[in-house]
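Listed after this line are the structures, all set down as structure tokens.
Across the two complexes that follow, chain A remains constant while its partner is chain B and subsequently chain C.
Let's look at the complex of A and B:
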């Protein structure tokens, strides 16, 4: 078989994937982009080529709050998820009977359905009957039971904590696998050169897992941006919109207010924001990304 | 002009005539046949189980109709229906809420039953309580067949706790409800609880109180949102006062506890009273030793709203509607007619379902209803049950207005804003949404 026919075979083999991406990713994205530029009145499309939906979004006093909450959700969630995942992954990389068992057990939060997770946490955090609040109170740590999801000052960060509990296990396992693949010779050599544990981790392990770390950060960011069920079931965006984020507000605009144009405009803003953040992150980490990809 | 008849034309003509004669009667005979899809949203456990059972009866009575029935949670109805409508895969019959009718009709999602049901409508009028049937009307046309209604707002009271506090009857005015709640409060048990999440039912409960105070959320004539009318603001002040009196659970917990959980906390003796819709605790049951009663929510001492105070607001929360794109409207009408029969409507006559106010006239004669709700039956027989009652808010944009109201309730309950400030901001936000939606 010559080179030319190899190339055609390769194109043929990737054709189904290309078709699927066009149909299920590019198609809907294009649809949302055009809808964001369409005036929708009473559920009917009335005229294309308008920026009215984006103007309405800019004039919406809620949108600034949604952006702030989304920043906490995405950036706070991603950073804490990856940092915790790295710490847990490092621990799991140690060879012992306990860590072998934990590596399987840690996936439990990740495999539970969103609805089950959300309902379980909602009740554990409840201000009247929640086990967490009553434990803190009976231990004398709080005067009265805390309502974690009803307190505007706590709700957003409480959601982030639940999010980390749910998403971190996979991050930890990926990083654990990466850490375990770091050549022992390098670690031994650095130990012989007098590097302490932190220095070995910082200057040997981290550079070796940089590619995995970058990849898992980007993937986490995308997962967290797309997460809807967890915050919606736990708070519905409340109280008083203090946990309203992009995904829940887009849902509310679409399915409660019938403002499909505005919801699409918000989706476009969300997509652009995510692309910018991911691009910036990849640019900053371009060396590790390029090295890892090449290897 | 001459017209020549040749053999070929004669054969074609006679074949067509024979064919038409052969197939036309078959088509009429099969008018109510084929596939019929039905989506039902919401309902208590007893109702959902009974509905499925009755569908089996429908299948037996209509063997030519292939019923494809699905049940969904009531909270996702808009998402499901909109997605179905947009993708042209909406069910022929949808069983949703009466508050949805203006929006669904305005967006062309449902069609008037008068246009497709013909003389069946007369039978429905005979069998359904007129005030309840009216809840299926919009712009002078019947868009849905109601099976029952829910009314707002009501108060569930633990009788033992009430008597312990020195009272022998439920409170009747807002001043009294504050007094009762204060007296019934103990260090580990609030005197009253009310749900203040953004769930639609929680908002309906508040609306029932505000409408009785002469408040309204929207003025259809002027197209203006009226959330900051005194009737609405003062009702919200009542919520704030109850919290300030120390008669409720922590404000932060009220905003995370929706109606069903509030009912269950009441059933567990964790509050002495709770504010709900007409069904109060009946869908979930209570411990046998819990001595409780239900009463209409107390009236304002002096109504302050700009609109006439109502006795209650009501909405049919299992109303049968036909999709504007129904593939089998004949079978859809057959299904609706089946559910308009007394045998089906008696489900809400106290056995097995005791949580709702029945739509069927015959259901009011059922002994189970008289046993469960003797006061309702007396009022119905006296013709006063629906006196002064109005539909729950229903207009294009109602969801946006109710969402803004939900936020305002939470802001005031949490003390972030005064009731007036919260309602002013909500009015502005809701008006913007309405203007955007209506163009």
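Let's look at the complex of A and C:
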């Protein structure tokens, strides 16, 4: 029997990956977690074992606004991203020459670099020279040219729209593939059973793609939480912090104000929130991914 | 009532026509089997009746009402698919009750009908299971249950047994047949297996290349095939075909052995294809000469492969024989059992 040497070989083979995960994921996470419990003054560490960073965070009048904006960003972004992705994916799943071409084309926003996307949209949405605002104005739809990124009431949702433009294509493609793999016989059986198009979608397609749907939702949520370049380049959190979200605020706190401690505390809050949301979501959807993974 | 009439059904995919004008009458309560080799258009025809496929031309009517343009849900026809097509996320009960749920029937009514169908099919203990927890035969029964609960005018089956192993196939065959005898619902059943067709059908429709070759009861097709194709397709082992010539009112093989009398319509020198069923070949003291090739006993009967000049024939006999491979024998054709076909058109000569 050489099963035990086989096992050691297996451990040895995964060692590089384990080491990399330890070094680049667990390590920094640990660092941030300990840093959040450390008093930092002007970039200097002054004593471990304090909740002062969290107290400061709770007392920060900005933090509530950041939380609200982050909720719009993550929850609004994820829900809209998956919903539009599902709609577009359903459309792309139809067999025709047009959709075959579109399936390739739709990945374009996905392959553009973040910076290019952000700059292009920033320019198109600009308050004076933006092509979108001026088009709306010259078409007579608005009185004056709208400054999408300059209006405190619009800025957050404008960011979400750009976010969806950027993240939705992959979601749509994944869901398109999932929809196309729904067995045709099931669709036909449901037609025989008397289901109309909506009922076929609701009772046959959706349950069949539930696993993919859960997966893309979780993945989108994580992507969107981690997305930094897009909002930072487009608004930098402005105007007057009305588009400040967790990732930009953490960046500002650490690299502009050098409040490492508070920034770390915020990172921890961010991580815990994300984990709770994902765990909750997976729990609510446990049936779909349990059956999906089994089959 | 559930009589189906097909009138000149044509179906093309792009420029390719796969059904070339099918006429068919299925009587109320009849068990009709569409049989033919793979790709001959059986599924296409069945799906056209179901409404899953549009037709390019012709008329489908149910009880005299033209239903061509009705969607599947309004045709009152249920279908059982080859791969069962159960909904994996629904329990057996939900699968069976789905059509009723869509039809907005009451919960109590759905439960009652599902229970009744489950009792008929011995599915009652499985109602709360999911399809993946069932064996192939049980899934097949659930697929049938889903059709039964709707109490439709017509059942359609598309090769429902081809995914089952041989033993289960025989068992399900008789279950489906019994179910039909019990419910008396008009049934159209597609298979490429002629044994399934012979054992189950009230009426067999033999198809080839998008045409109907012959329609009739199993024994009609067996005894009076209209052409070489039907004669060769129906029956197992298949009918033997050899070239023959008419001489002096008799049909002779190419080396002059006598096969049987020729009908009066054939004149001397006419060339024909002679068809002889394996069980109609008899070992005799005189007659055509042959050498024994393979001997395959199956218990009840024995199958012999006989080598003749330029031809090879299969015969079956219920007698216990004492021959061995290589032995020379004489054979003749049982009286009145010789079938003749036109050598060009392959049509039967009566």
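A few notes on this one:
We adopt the following convention: the second predicted complex is superposed on the first by the 283 of 295 C-alpha atoms of A that agree within 3 Å, B and C clash if a C-alpha of one lies under 4 Å from a C-alpha of the other, contacts with A are read in each partner's own complex, and residues count from 1 in each chain.
As a convention for this text, a contact is a pair of C-beta atoms (placed from the backbone, for glycine too) under 8 Å apart; a residue touches a chain by one contact, two chains touch by 3 or more.
All of these numbers come straight from a predicted model, not from anything done at the bench.
The superposed arrangement places chain B and chain C next to each other on chain A without a clash. Once chain A of one complex is fitted onto chain A of the other, the partner contacts of A:194 are limited to chain C, with no touch recorded for chain B. Contacts of A:62 after superposition: chain B is touched, whereas chain C is not reached. Contact with chain B, but none with chain C, is seen for A:239 once the two complexes are overlaid on the shared chain.
Measured by the number of chain A residues touched, the leading partner among chain B and chain C is B.
In the superposition on chain A, A:95 contacts neither chain B nor chain C.
In the superposition on chain A, contact of A:143 is made with neither chain B nor chain C. The three-chain arrangement built by superposing both structures on chain A places chain B and chain C 150° apart around the Cα centre of chain A, to the nearest 10. Of the two partner chains placed around the shared chain by superposition, chain B is the only one that A:46 touches, whereas chain C remains out of contact. By the document's definition of touching, of the two partners only chain C reaches A:185; chain B does not.
By the document's definition of touching, of the two partners only chain C reaches A:207; chain B does not. Think of it this way: put the two complexes on top of each other by chain A, and the tightest Cα contact between chain B and chain C is 51 Å.
Residues 183, 185-186, 188-196, 199, 203-204, 207-208, 210, 291, 294-295 of chain A are the ones touching chain C in the complex.
Within the complex, the chain B residues that touch chain A are 78-79, 82, 103, 106-109, 197-199, 249-257, 265, 270, 396-397, 399-400, 403, 406-407, 410-411, 414, 416, 429, 432-433, 436-439.
Note for the complex: chain A touches chain B at residues 39, 41-44, 46, 56, 59-62, 122, 126-129, 144-145, 147, 149-152, 235-241, 251-252, 254-259, 262. Interface residues of chain C, counted against chain A in their complex, comprise 50-52, 71-73, 77-79, 81-83, 85-90, 98-99, 102-103, 130, 132, 146, 150.
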